[in-house]
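Consider the two complexes below, in which subunit A is the common component and subunit B and subunit C are the respective partners.
Here is the complex of A and B:
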(Lines of atoms letter the chains of each structure in order from A and count residues from 1; the text may use other names and numbers.)
(Lines give C-alpha, C1' and ligand atoms only; values in the text may rest on other atoms or scores of the structure.)
Protein backbone atom coordinates (compact mmCIF):
# COMPACT_ATOMS: atom_id res chain seq x y z
CA UNK A 1 0.00 0.00 0.00
CA UNK A 2 1.47 3.27 -0.99
CA UNK A 3 1.68 5.79 1.78
CA UNK A 4 3.51 8.41 -0.23
CA UNK A 5 1.16 11.32 -0.40
CA UNK A 6 -0.20 10.86 3.07
CA UNK A 7 1.03 14.13 4.48
CA UNK A 8 0.45 16.33 1.49
CA UNK A 9 -3.02 17.50 2.41
CA UNK A 10 -3.00 17.37 6.17
CA UNK A 11 -5.17 20.38 6.55
CA UNK A 12 -7.88 18.59 8.39
CA UNK A 13 -6.90 18.96 12.00
CA UNK A 14 -4.65 21.95 11.97
CA UNK A 15 -7.13 24.40 10.52
CA UNK A 16 -10.28 25.44 12.20
CA UNK A 17 -13.22 23.24 11.38
CA UNK A 18 -15.98 25.37 9.97
CA UNK A 19 -19.01 26.19 12.05
CA UNK A 20 -21.28 24.55 9.55
CA UNK A 21 -19.39 21.32 9.81
CA UNK A 22 -19.50 21.43 13.55
CA UNK A 23 -23.24 21.94 13.51
CA UNK A 24 -23.70 19.10 11.09
CA UNK A 25 -21.40 16.84 13.03
CA UNK A 26 -22.99 17.60 16.38
CA UNK A 27 -26.51 17.14 15.12
CA UNK A 28 -25.59 13.79 13.63
CA UNK A 29 -23.89 12.71 16.82
CA UNK A 30 -26.96 13.64 18.81
CA UNK A 31 -28.81 10.93 16.94
CA UNK A 32 -26.07 8.39 17.14
CA UNK A 33 -25.15 8.46 20.79
CA UNK A 34 -27.86 6.88 22.94
CA UNK A 35 -26.98 8.94 26.02
CA UNK A 36 -27.86 12.11 24.20
CA UNK A 37 -30.61 10.79 22.02
CA UNK A 38 -32.56 9.57 24.97
CA UNK A 39 -32.25 12.77 26.85
CA UNK A 40 -34.40 14.55 24.32
CA UNK A 41 -32.99 17.86 25.31
CA UNK A 42 -31.67 20.45 22.97
CA UNK A 43 -29.70 22.00 25.71
CA UNK A 44 -26.75 19.71 25.40
CA UNK A 45 -23.83 21.82 24.35
CA UNK A 46 -21.75 20.94 21.35
CA UNK A 47 -18.68 20.15 23.35
CA UNK A 48 -20.74 17.93 25.65
CA UNK A 49 -21.95 16.04 22.61
CA UNK A 50 -18.38 15.48 21.50
CA UNK A 51 -17.40 14.41 24.97
CA UNK A 52 -20.27 11.96 25.25
CA UNK A 53 -19.38 10.59 21.85
CA UNK A 54 -15.82 9.96 22.98
CA UNK A 55 -17.10 8.18 26.06
CA UNK A 56 -19.52 6.15 24.03
CA UNK A 57 -16.85 5.02 21.60
CA UNK A 58 -14.51 4.14 24.44
CA UNK A 59 -17.25 2.10 26.04
CA UNK A 60 -17.88 0.27 22.81
CA UNK A 61 -14.17 -0.46 22.49
CA UNK A 62 -14.10 -1.84 26.01
CA UNK A 63 -17.10 -3.95 25.35
CA UNK A 64 -15.55 -5.40 22.21
CA UNK A 65 -12.40 -6.19 24.16
CA UNK A 66 -14.39 -7.88 26.86
CA UNK A 67 -16.41 -9.91 24.40
CA UNK A 68 -13.25 -10.89 22.54
CA UNK A 69 -11.72 -12.09 25.75
CA UNK A 70 -14.73 -14.21 26.54
CA UNK A 71 -14.72 -15.52 23.03
CA UNK A 72 -11.10 -16.49 23.44
CA UNK A 73 -11.82 -18.34 26.64
CA UNK A 74 -14.70 -20.07 25.00
CA UNK A 75 -12.48 -21.32 22.21
CA UNK A 76 -10.36 -23.27 24.58
CA UNK A 77 -13.29 -25.02 26.15
CA UNK A 78 -15.41 -26.07 23.26
CA UNK A 79 -15.14 -28.33 20.31
CA UNK A 80 -14.71 -26.02 17.35
CA UNK A 81 -16.41 -28.19 14.81
CA UNK A 82 -19.65 -28.63 16.61
CA UNK A 83 -19.66 -25.00 17.74
CA UNK A 84 -19.10 -23.74 14.27
CA UNK A 85 -21.81 -25.92 12.88
CA UNK A 86 -24.21 -24.85 15.61
CA UNK A 87 -23.47 -21.19 15.13
CA UNK A 88 -23.81 -21.31 11.41
CA UNK A 89 -27.00 -23.26 11.62
CA UNK A 90 -28.56 -20.82 14.06
CA UNK A 91 -27.53 -17.78 12.11
CA UNK A 92 -28.75 -19.14 8.82
CA UNK A 93 -32.08 -20.03 10.24
CA UNK A 94 -32.78 -16.48 11.41
CA UNK B 1 -20.48 2.67 -4.14
CA UNK B 2 -17.42 1.60 -2.23
CA UNK B 3 -14.84 4.23 -2.78
CA UNK B 4 -11.96 1.88 -2.32
CA UNK B 5 -9.25 2.88 -4.77
CA UNK B 6 -6.32 0.54 -5.02
CA UNK B 7 -4.04 1.58 -2.22
CA UNK B 8 -4.04 5.18 -3.31
CA UNK B 9 -3.90 7.48 -0.35
CA UNK B 10 -5.05 10.67 -2.07
CA UNK B 11 -8.08 12.35 -0.66
CA UNK B 12 -11.06 10.26 -1.52
CA UNK B 13 -14.39 11.99 -1.39
CA UNK B 14 -17.20 9.70 -0.47
CA UNK B 15 -20.74 10.46 -1.47
CA UNK B 16 -22.92 10.77 1.57
CA UNK B 17 -25.92 8.82 0.33
CA UNK B 18 -24.44 5.44 -0.35
CA UNK B 19 -22.67 5.22 2.92
CA UNK B 20 -25.09 3.61 5.32
CA UNK B 21 -23.72 0.23 6.16
CA UNK B 22 -26.56 -2.24 5.87
CA UNK B 23 -26.83 -4.26 9.02
CA UNK B 24 -27.43 -7.53 7.25
CA UNK B 25 -24.48 -7.04 4.94
CA UNK B 26 -22.21 -6.12 7.81
CA UNK B 27 -23.33 -9.02 9.96
CA UNK B 28 -23.02 -11.55 7.21
CA UNK B 29 -19.57 -10.35 6.18
CA UNK B 30 -18.49 -10.21 9.78
CA UNK B 31 -19.56 -13.71 10.63
CA UNK B 32 -18.19 -15.08 7.38
CA UNK B 33 -14.82 -13.69 8.23
CA UNK B 34 -14.72 -14.38 11.92
CA UNK B 35 -15.97 -17.94 12.22
CA UNK B 36 -13.35 -19.53 9.96
CA UNK B 37 -10.70 -17.36 11.57
CA UNK B 38 -11.71 -18.49 15.04
CA UNK B 39 -11.80 -22.09 13.93
CA UNK B 40 -8.28 -21.69 12.66
CA UNK B 41 -7.15 -20.27 15.98
CA UNK B 42 -8.84 -23.09 17.80
CA UNK B 43 -7.20 -25.68 15.65
CA UNK B 44 -3.72 -24.30 16.00
CA UNK B 45 -4.13 -23.72 19.66
CA UNK B 46 -1.15 -25.13 21.42
CA UNK B 47 -0.25 -21.94 23.20
CA UNK B 48 -1.45 -20.07 26.25
CA UNK B 49 -4.73 -18.31 26.53
CA UNK B 50 -3.13 -14.89 26.60
CA UNK B 51 -1.91 -15.18 23.04
CA UNK B 52 -5.32 -16.59 22.28
CA UNK B 53 -6.87 -13.32 23.30
CA UNK B 54 -4.47 -11.36 21.12
CA UNK B 55 -5.24 -13.57 18.17
CA UNK B 56 -8.96 -13.43 18.75
CA UNK B 57 -8.86 -9.67 19.16
CA UNK B 58 -6.87 -9.39 15.97
CA UNK B 59 -9.46 -11.37 14.06
CA UNK B 60 -12.30 -9.49 15.69
CA UNK B 61 -10.77 -6.24 14.51
CA UNK B 62 -10.03 -7.60 11.07
CA UNK B 63 -13.58 -8.83 10.71
CA UNK B 64 -14.72 -5.32 11.51
CA UNK B 65 -12.39 -3.79 8.93
CA UNK B 66 -13.48 -6.20 6.23
CA UNK B 67 -17.15 -5.91 6.91
CA UNK B 68 -17.38 -2.24 6.07
CA UNK B 69 -15.22 -1.48 3.10
CA UNK B 70 -14.77 1.95 1.72
CA UNK B 71 -14.37 4.02 4.84
CA UNK B 72 -11.28 5.79 6.00
CA UNK B 73 -11.59 4.09 9.38
CA UNK B 74 -11.84 0.59 7.97
CA UNK B 75 -8.84 1.28 5.82
CA UNK B 76 -6.98 2.74 8.78
CA UNK B 77 -7.90 -0.23 10.90
CA UNK B 78 -6.56 -2.68 8.35
CA UNK B 79 -3.32 -0.77 8.14
CA UNK B 80 -2.90 -0.76 11.88
CA UNK B 81 -3.57 -4.45 12.13
CA UNK B 82 -1.21 -5.33 9.34
CA UNK B 83 1.51 -3.23 10.86
CA UNK B 84 0.93 -4.86 14.20
CA UNK B 85 1.25 -8.18 12.54
CA UNK B 86 4.63 -7.24 11.19
CA UNK B 87 6.33 -5.73 14.16
CA UNK B 88 4.45 -7.29 17.03
CA UNK B 89 3.81 -3.84 18.38
CA UNK B 90 0.60 -2.73 20.07
CA UNK B 91 -1.75 -0.43 18.18
CA UNK B 92 0.12 2.52 16.88
CA UNK B 93 -1.25 5.87 17.85
CA UNK B 94 0.65 8.76 16.42
CA UNK B 95 1.08 11.63 18.80
CA UNK B 96 -0.18 14.73 17.09
CA UNK B 97 -0.32 18.17 18.58
CA UNK B 98 -3.97 18.51 19.32
CA UNK B 99 -4.29 22.25 19.38
CA UNK B 100 -2.50 24.53 17.03
CA UNK B 101 -1.19 27.44 19.10
CA UNK B 102 -1.01 29.81 16.19
CA UNK B 103 -4.76 29.79 15.73
CA UNK B 104 -6.01 32.60 17.90
CA UNK B 105 -9.66 31.86 18.08
CA UNK B 106 -9.85 33.65 21.41
CA UNK B 107 -12.66 31.57 22.74
CA UNK B 108 -12.56 28.98 25.48
CA UNK B 109 -15.49 27.17 24.00
CA UNK B 110 -13.72 26.98 20.69
CA UNK B 111 -10.59 25.60 22.28
CA UNK B 112 -12.57 23.02 24.13
CA UNK B 113 -14.33 22.00 20.95
CA UNK B 114 -11.06 21.63 19.14
CA UNK B 115 -9.59 19.47 21.80
CA UNK B 116 -12.71 17.33 22.06
CA UNK B 117 -12.72 16.92 18.32
CA UNK B 118 -9.12 15.89 18.34
CA UNK B 119 -9.74 13.32 21.09
CA UNK B 120 -12.57 11.97 19.03
CA UNK B 121 -10.32 11.73 16.05
CA UNK B 122 -7.82 9.70 18.00
CA UNK B 123 -10.44 7.15 18.86
CA UNK B 124 -11.13 6.38 15.24
CA UNK B 125 -8.58 4.16 13.50
CA UNK B 126 -6.84 6.27 10.92
CA UNK B 127 -8.58 9.27 12.40
CA UNK B 128 -5.66 11.56 11.78
CA UNK B 129 -6.24 11.13 8.09
CA UNK B 130 -9.88 12.03 8.06
CA UNK B 131 -10.75 15.43 6.70
CA UNK B 132 -13.45 17.45 8.37
CA UNK B 133 -15.95 16.98 5.58
CA UNK B 134 -15.77 13.24 6.03
CA UNK B 135 -16.01 13.26 9.79
CA UNK B 136 -19.76 12.94 9.81
CA UNK B 137 -20.01 9.89 7.58
CA UNK B 138 -16.95 8.31 9.13
CA UNK B 139 -18.23 8.70 12.66
CA UNK B 140 -21.69 7.57 11.75
CA UNK B 141 -20.47 4.40 10.09
CA UNK B 142 -17.83 3.73 12.70
CA UNK B 143 -20.22 4.01 15.61
CA UNK B 144 -22.94 1.98 13.97
CA UNK B 145 -20.45 -0.72 12.96
CA UNK B 146 -19.07 -0.85 16.49
CA UNK B 147 -22.60 -1.36 17.76
CA UNK B 148 -23.28 -4.06 15.21
CA UNK B 149 -20.02 -5.72 16.11
CA UNK B 150 -21.01 -5.83 19.77
CA UNK B 151 -24.32 -7.38 18.81
CA UNK B 152 -22.73 -10.03 16.66
CA UNK B 153 -20.19 -10.95 19.33
CA UNK B 154 -22.85 -11.17 22.02
CA UNK B 155 -24.84 -13.35 19.71
CA UNK B 156 -21.92 -15.67 19.09
CA UNK B 157 -21.21 -15.95 22.78
CA UNK B 158 -24.79 -16.74 23.64
CA UNK B 159 -24.99 -19.52 21.10
CA UNK B 160 -22.30 -21.70 22.55
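Here is the complex of A and C:
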Protein backbone atom coordinates (compact mmCIF):
# COMPACT_ATOMS: atom_id res chain seq x y z
CA UNK A 1 0.00 0.00 0.00
CA UNK A 2 1.97 2.99 -1.25
CA UNK A 3 1.43 6.47 0.04
CA UNK A 4 0.39 7.60 -3.42
CA UNK A 5 -2.51 5.25 -3.58
CA UNK A 6 -3.53 6.13 -0.05
CA UNK A 7 -4.18 9.76 -0.88
CA UNK A 8 -6.29 8.84 -3.85
CA UNK A 9 -8.13 6.33 -1.72
CA UNK A 10 -9.04 9.00 0.80
CA UNK A 11 -10.47 11.10 -1.97
CA UNK A 12 -12.65 8.31 -3.21
CA UNK A 13 -14.18 7.71 0.24
CA UNK A 14 -12.47 4.42 0.98
CA UNK A 15 -14.05 1.74 3.07
CA UNK A 16 -10.97 0.01 4.32
CA UNK A 17 -11.28 -1.84 7.54
CA UNK A 18 -8.03 -2.50 9.34
CA UNK A 19 -6.84 -6.00 10.09
CA UNK A 20 -6.99 -5.28 13.79
CA UNK A 21 -10.64 -4.45 13.54
CA UNK A 22 -11.35 -7.64 11.69
CA UNK A 23 -9.60 -9.64 14.38
CA UNK A 24 -11.54 -7.81 17.06
CA UNK A 25 -14.80 -8.36 15.22
CA UNK A 26 -14.10 -12.05 14.82
CA UNK A 27 -13.19 -12.67 18.45
CA UNK A 28 -16.22 -10.77 19.71
CA UNK A 29 -18.53 -12.50 17.25
CA UNK A 30 -17.22 -15.85 18.41
CA UNK A 31 -18.12 -14.97 21.97
CA UNK A 32 -21.58 -13.87 21.00
CA UNK A 33 -22.37 -16.52 18.45
CA UNK A 34 -20.89 -19.96 19.01
CA UNK A 35 -22.28 -21.03 15.66
CA UNK A 36 -19.82 -18.87 13.75
CA UNK A 37 -16.76 -21.01 13.50
CA UNK A 38 -13.62 -20.71 11.43
CA UNK A 39 -12.09 -23.89 10.24
CA UNK A 40 -8.65 -22.32 10.10
CA UNK A 41 -8.55 -20.18 13.19
CA UNK A 42 -5.25 -18.51 12.36
CA UNK A 43 -6.28 -17.29 8.94
CA UNK A 44 -9.32 -15.07 8.88
CA UNK A 45 -10.70 -13.71 5.64
CA UNK A 46 -12.05 -10.23 6.15
CA UNK A 47 -14.70 -10.56 3.50
CA UNK A 48 -15.92 -13.82 4.99
CA UNK A 49 -16.23 -12.30 8.45
CA UNK A 50 -18.09 -9.32 7.06
CA UNK A 51 -20.45 -11.60 5.21
CA UNK A 52 -21.11 -13.72 8.30
CA UNK A 53 -21.79 -10.56 10.28
CA UNK A 54 -24.21 -9.24 7.69
CA UNK A 55 -26.05 -12.55 7.57
CA UNK A 56 -26.24 -12.67 11.33
CA UNK A 57 -27.67 -9.17 11.59
CA UNK A 58 -30.20 -9.97 8.89
CA UNK A 59 -31.27 -13.01 10.87
CA UNK A 60 -31.66 -10.93 14.00
CA UNK A 61 -33.80 -8.42 12.09
CA UNK A 62 -35.97 -11.21 10.79
CA UNK A 63 -36.40 -12.57 14.29
CA UNK A 64 -37.46 -9.18 15.66
CA UNK A 65 -39.94 -8.93 12.83
CA UNK A 66 -41.31 -12.39 13.49
CA UNK A 67 -41.62 -11.78 17.23
CA UNK A 68 -43.39 -8.48 16.59
CA UNK A 69 -45.88 -10.32 14.44
CA UNK A 70 -46.55 -12.95 17.07
CA UNK A 71 -46.90 -10.35 19.76
CA UNK A 72 -49.31 -8.48 17.52
CA UNK A 73 -51.58 -11.49 17.56
CA UNK A 74 -51.14 -12.21 21.26
CA UNK A 75 -51.36 -8.68 22.60
CA UNK A 76 -54.56 -7.90 20.80
CA UNK A 77 -56.19 -9.90 23.51
CA UNK A 78 -54.35 -8.23 26.36
CA UNK A 79 -54.95 -4.69 27.42
CA UNK A 80 -51.59 -3.08 28.19
CA UNK A 81 -53.05 -1.35 31.21
CA UNK A 82 -54.58 -4.42 32.66
CA UNK A 83 -53.52 -6.54 35.56
CA UNK A 84 -51.98 -9.09 33.22
CA UNK A 85 -49.45 -6.57 31.99
CA UNK A 86 -48.53 -5.82 35.58
CA UNK A 87 -48.02 -9.49 36.23
CA UNK A 88 -45.78 -9.85 33.21
CA UNK A 89 -43.74 -6.88 34.27
CA UNK A 90 -43.20 -8.20 37.75
CA UNK A 91 -42.29 -11.64 36.43
CA UNK A 92 -39.72 -10.20 34.11
CA UNK A 93 -38.13 -7.97 36.69
CA UNK A 94 -36.77 -10.89 38.64
CA UNK B 1 -19.86 -4.74 28.78
CA UNK B 2 -23.08 -3.42 30.20
CA UNK B 3 -25.06 -5.14 32.87
CA UNK B 4 -27.37 -7.08 30.57
CA UNK B 5 -30.05 -7.66 33.16
CA UNK B 6 -30.56 -3.99 33.98
CA UNK B 7 -30.50 -3.21 30.28
CA UNK B 8 -33.27 -5.70 29.66
CA UNK B 9 -35.34 -4.34 32.51
CA UNK B 10 -34.95 -0.80 31.30
CA UNK B 11 -35.83 -1.87 27.79
CA UNK B 12 -38.94 -3.69 28.98
CA UNK B 13 -40.11 -0.80 31.07
CA UNK B 14 -39.72 1.69 28.24
CA UNK B 15 -41.22 -0.66 25.72
CA UNK B 16 -44.37 -1.23 27.74
CA UNK B 17 -44.66 2.52 28.26
CA UNK B 18 -44.52 2.94 24.51
CA UNK B 19 -47.01 0.16 23.92
CA UNK B 20 -49.49 1.83 26.27
CA UNK B 21 -50.01 4.54 23.71
CA UNK B 22 -51.52 1.99 21.42
CA UNK B 23 -53.99 0.59 23.88
CA UNK B 24 -56.15 3.66 24.11
CA UNK B 25 -59.61 3.52 22.63
CA UNK B 26 -59.00 5.24 19.32
CA UNK B 27 -56.21 2.82 18.47
CA UNK B 28 -58.05 -0.30 19.47
CA UNK B 29 -59.14 -0.99 15.92
CA UNK B 30 -55.71 -1.16 14.37
CA UNK B 31 -55.10 -3.63 11.62
CA UNK B 32 -52.85 -6.56 12.28
CA UNK B 33 -50.03 -5.03 10.25
CA UNK B 34 -50.33 -1.70 12.04
CA UNK B 35 -50.17 -3.40 15.38
CA UNK B 36 -47.10 -5.37 14.39
CA UNK B 37 -45.37 -2.20 13.20
CA UNK B 38 -46.29 -0.41 16.41
CA UNK B 39 -44.89 -3.19 18.53
CA UNK B 40 -41.69 -3.35 16.52
CA UNK B 41 -41.23 0.41 16.45
CA UNK B 42 -41.75 0.84 20.18
CA UNK B 43 -39.38 -2.06 20.84
CA UNK B 44 -36.68 -0.60 18.59
CA UNK B 45 -36.99 2.84 20.13
CA UNK B 46 -37.01 1.46 23.66
CA UNK B 47 -33.84 -0.50 23.00
CA UNK B 48 -32.16 2.45 21.31
CA UNK B 49 -32.98 4.70 24.25
CA UNK B 50 -31.20 2.37 26.67
CA UNK B 51 -28.01 3.40 24.94
CA UNK B 52 -28.59 6.96 26.07
CA UNK B 53 -27.05 8.63 22.99
CA UNK B 54 -23.74 6.86 23.42
CA UNK B 55 -23.86 5.06 20.08
CA UNK B 56 -24.50 6.22 16.56
CA UNK B 57 -26.94 3.52 15.62
CA UNK B 58 -29.21 4.33 18.53
CA UNK B 59 -29.17 8.03 17.76
CA UNK B 60 -29.95 7.37 14.11
CA UNK B 61 -32.77 4.99 14.96
CA UNK B 62 -34.46 7.49 17.26
CA UNK B 63 -33.90 10.32 14.80
CA UNK B 64 -35.45 8.32 11.96
CA UNK B 65 -38.40 7.39 14.12
CA UNK B 66 -39.12 10.93 15.25
CA UNK B 67 -38.71 12.43 11.79
CA UNK B 68 -41.22 10.05 10.32
CA UNK B 69 -43.60 11.22 13.00
CA UNK B 70 -46.26 9.09 14.54
CA UNK B 71 -47.12 7.42 11.28
CA UNK B 72 -46.38 3.76 11.01
CA UNK B 73 -45.61 4.00 7.33
CA UNK B 74 -42.38 5.98 7.33
CA UNK B 75 -40.83 3.89 4.60
CA UNK B 76 -40.53 6.61 1.94
CA UNK B 77 -37.38 7.88 3.60
CA UNK B 78 -35.64 4.53 3.22
CA UNK B 79 -36.56 4.23 -0.44
CA UNK B 80 -35.09 7.58 -1.39
CA UNK B 81 -31.79 6.92 0.34
CA UNK B 82 -31.61 3.50 -1.26
CA UNK B 83 -32.07 4.87 -4.79
CA UNK B 84 -29.56 7.61 -4.06
CA UNK B 85 -27.13 4.97 -2.95
CA UNK B 86 -27.63 3.02 -6.16
CA UNK B 87 -26.83 6.12 -8.20
CA UNK B 88 -23.68 6.73 -6.20
CA UNK B 89 -22.56 3.16 -6.66
CA UNK B 90 -23.14 3.35 -10.41
CA UNK B 91 -21.12 6.51 -10.64
CA UNK B 92 -18.27 4.89 -8.75
CA UNK B 93 -18.18 1.81 -10.94
CA UNK B 94 -17.80 3.48 -14.33
CA UNK B 95 -14.21 4.79 -13.99
CA UNK B 96 -13.04 1.31 -13.04
CA UNK B 97 -14.30 -0.14 -16.30
CA UNK B 98 -12.30 2.42 -18.25
CA UNK B 99 -9.01 1.60 -16.48
CA UNK B 100 -6.17 0.31 -18.59
CA UNK B 101 -5.59 -2.81 -16.51
CA UNK B 102 -7.75 -5.56 -17.84
CA UNK B 103 -6.56 -8.19 -15.39
CA UNK B 104 -7.23 -7.68 -11.73
CA UNK B 105 -4.87 -9.13 -9.20
CA UNK B 106 -6.24 -11.41 -6.56
CA UNK B 107 -5.59 -8.88 -3.84
CA UNK B 108 -7.43 -6.26 -5.83
CA UNK B 109 -10.45 -8.51 -6.12
CA UNK B 110 -10.27 -9.28 -2.43
CA UNK B 111 -10.09 -5.60 -1.56
CA UNK B 112 -13.13 -4.81 -3.65
CA UNK B 113 -15.02 -7.64 -2.02
CA UNK B 114 -14.16 -6.31 1.42
CA UNK B 115 -15.28 -2.84 0.38
CA UNK B 116 -18.51 -4.19 -1.04
CA UNK B 117 -19.29 -6.17 2.10
CA UNK B 118 -18.32 -3.31 4.36
CA UNK B 119 -20.88 -1.21 2.54
CA UNK B 120 -23.43 -3.95 3.01
CA UNK B 121 -22.75 -4.02 6.72
CA UNK B 122 -23.03 -0.25 6.96
CA UNK B 123 -26.41 -0.39 5.29
CA UNK B 124 -27.65 -2.84 7.89
CA UNK B 125 -26.88 -0.52 10.78
CA UNK B 126 -29.25 2.34 11.52
CA UNK B 127 -27.52 5.50 10.35
CA UNK B 128 -24.70 3.38 9.07
CA UNK B 129 -24.34 5.07 5.70
CA UNK B 130 -22.54 8.03 7.23
CA UNK B 131 -20.47 6.12 9.73
CA UNK B 132 -16.72 6.09 9.44
CA UNK B 133 -14.85 2.83 9.39
CA UNK B 134 -13.00 3.49 12.62
CA UNK B 135 -16.23 3.15 14.58
CA UNK B 136 -17.88 0.56 12.39
CA UNK B 137 -16.75 -2.52 14.24
CA UNK B 138 -17.58 -1.14 17.66
CA UNK B 139 -20.99 0.06 16.53
CA UNK B 140 -21.72 -3.28 14.90
CA UNK B 141 -20.88 -5.25 18.01
CA UNK B 142 -22.92 -2.95 20.21
CA UNK B 143 -25.85 -3.12 17.84
CA UNK B 144 -25.72 -6.91 17.71
CA UNK B 145 -25.60 -7.10 21.49
CA UNK B 146 -28.61 -4.82 21.80
CA UNK B 147 -30.56 -6.76 19.20
CA UNK B 148 -29.92 -9.98 21.07
CA UNK B 149 -31.14 -8.49 24.34
CA UNK B 150 -34.21 -7.08 22.60
CA UNK B 151 -35.00 -10.47 21.09
CA UNK B 152 -34.62 -12.21 24.41
CA UNK B 153 -37.06 -9.88 26.12
CA UNK B 154 -39.51 -10.09 23.23
CA UNK B 155 -39.36 -13.87 23.36
CA UNK B 156 -40.02 -13.75 27.06
CA UNK B 157 -43.05 -11.58 26.51
CA UNK B 158 -44.37 -13.98 23.89
CA UNK B 159 -44.06 -16.88 26.29
CA UNK B 160 -45.63 -14.95 29.16
CA UNK B 161 -48.51 -13.76 26.98
CA UNK B 162 -49.15 -17.27 25.74
CA UNK B 163 -49.25 -18.53 29.30
CA UNK B 164 -51.68 -15.82 30.33
CA UNK B 165 -54.00 -16.58 27.45
CA UNK B 166 -53.79 -20.29 27.98
CA UNK B 167 -52.54 -21.11 31.45
CA UNK B 168 -53.41 -24.76 31.27
CA UNK B 169 -52.19 -26.08 27.92
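The rule is short, and it goes like this: the second predicted complex is superposed on the first by the 53 of 94 C-alpha atoms of A that agree within 3 Å, B and C clash if a C-alpha of one lies under 4 Å from a C-alpha of the other, contacts with A are read in each partner's own complex, and residues count from 1 in each chain.
Convention: a residue touches a chain if its C-beta (ideal position, glycine included) is under 8 Å from a C-beta of that chain, and two chains touch if they have at least 3 such contacts.
Here the structure is a predicted model, which is why all the values come from computation and not from measurement.
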| said: Between subunit B and subunit C, whom does A:76 touch in the aligned arrangement: first, second, both, or neither? | reply: both
Practice item. Considering only the touch criterion stated at the top, classify A:28 as touching first (subunit B), second (subunit C), both, or neither. Key: both
Query: In the superposed arrangement, which partner chain does A:68 touch: subunit B (first), subunit C (second), both, or neither?
result: both
### Task
Once the structures are superposed on A, label A:47 by its partner contacts, choosing first (subunit B), second (subunit C), both or neither.
both
Original post:
Counting only touches as set out at the top, which of subunit B and subunit C does A:57 meet: first, second, both, neither?
Top reply: both
Subunit A positions within both the subunit B interface and the subunit C interface are 12, 14-18, 21-22, 24-25, 28-29, 32, 46-47, 50-51, 53-54, 56-58, 60-61, 63-65, 67-76, 78, 80-81, 84, 87-88, 91
The answer for subunit A against subunit B in the complex is residues 1-6, 9, 11-18, 21-22, 24-25, 28-29, 32-33, 46-47, 50-51, 53-54, 56-58, 60-61, 63-65, 67-76, 78, 80-81, 83-84, 86-88, 90-91
So, in the complex, the side of subunit C touching subunit A is made of residues 8-9, 12-13, 16, 19-20, 22-23, 32, 35-37, 39-40, 43-44, 92, 110-111, 113-115, 117-122, 124-125, 133, 136-137, 140-141, 143-145, 147-148, 150-151, 153-158, 160-162, 164-165
Note: in the complex, subunit B contacts subunit A through residues 7-11, 31, 35, 38-39, 41-43, 45, 49, 52-53, 55-57, 60, 79, 96, 98, 100, 103, 105, 109-110, 112-114, 116-121, 123-124, 128-133, 135-136, 139-140, 142-144, 146-147, 149-150, 153-157, 159-160
Subunit A residues touching subunit C in their complex are 12, 14-18, 21-22, 24-25, 28-29, 32, 45-47, 50-51, 53-54, 56-58, 60-61, 63-65, 67-81, 84-85, 87-89, 91-93
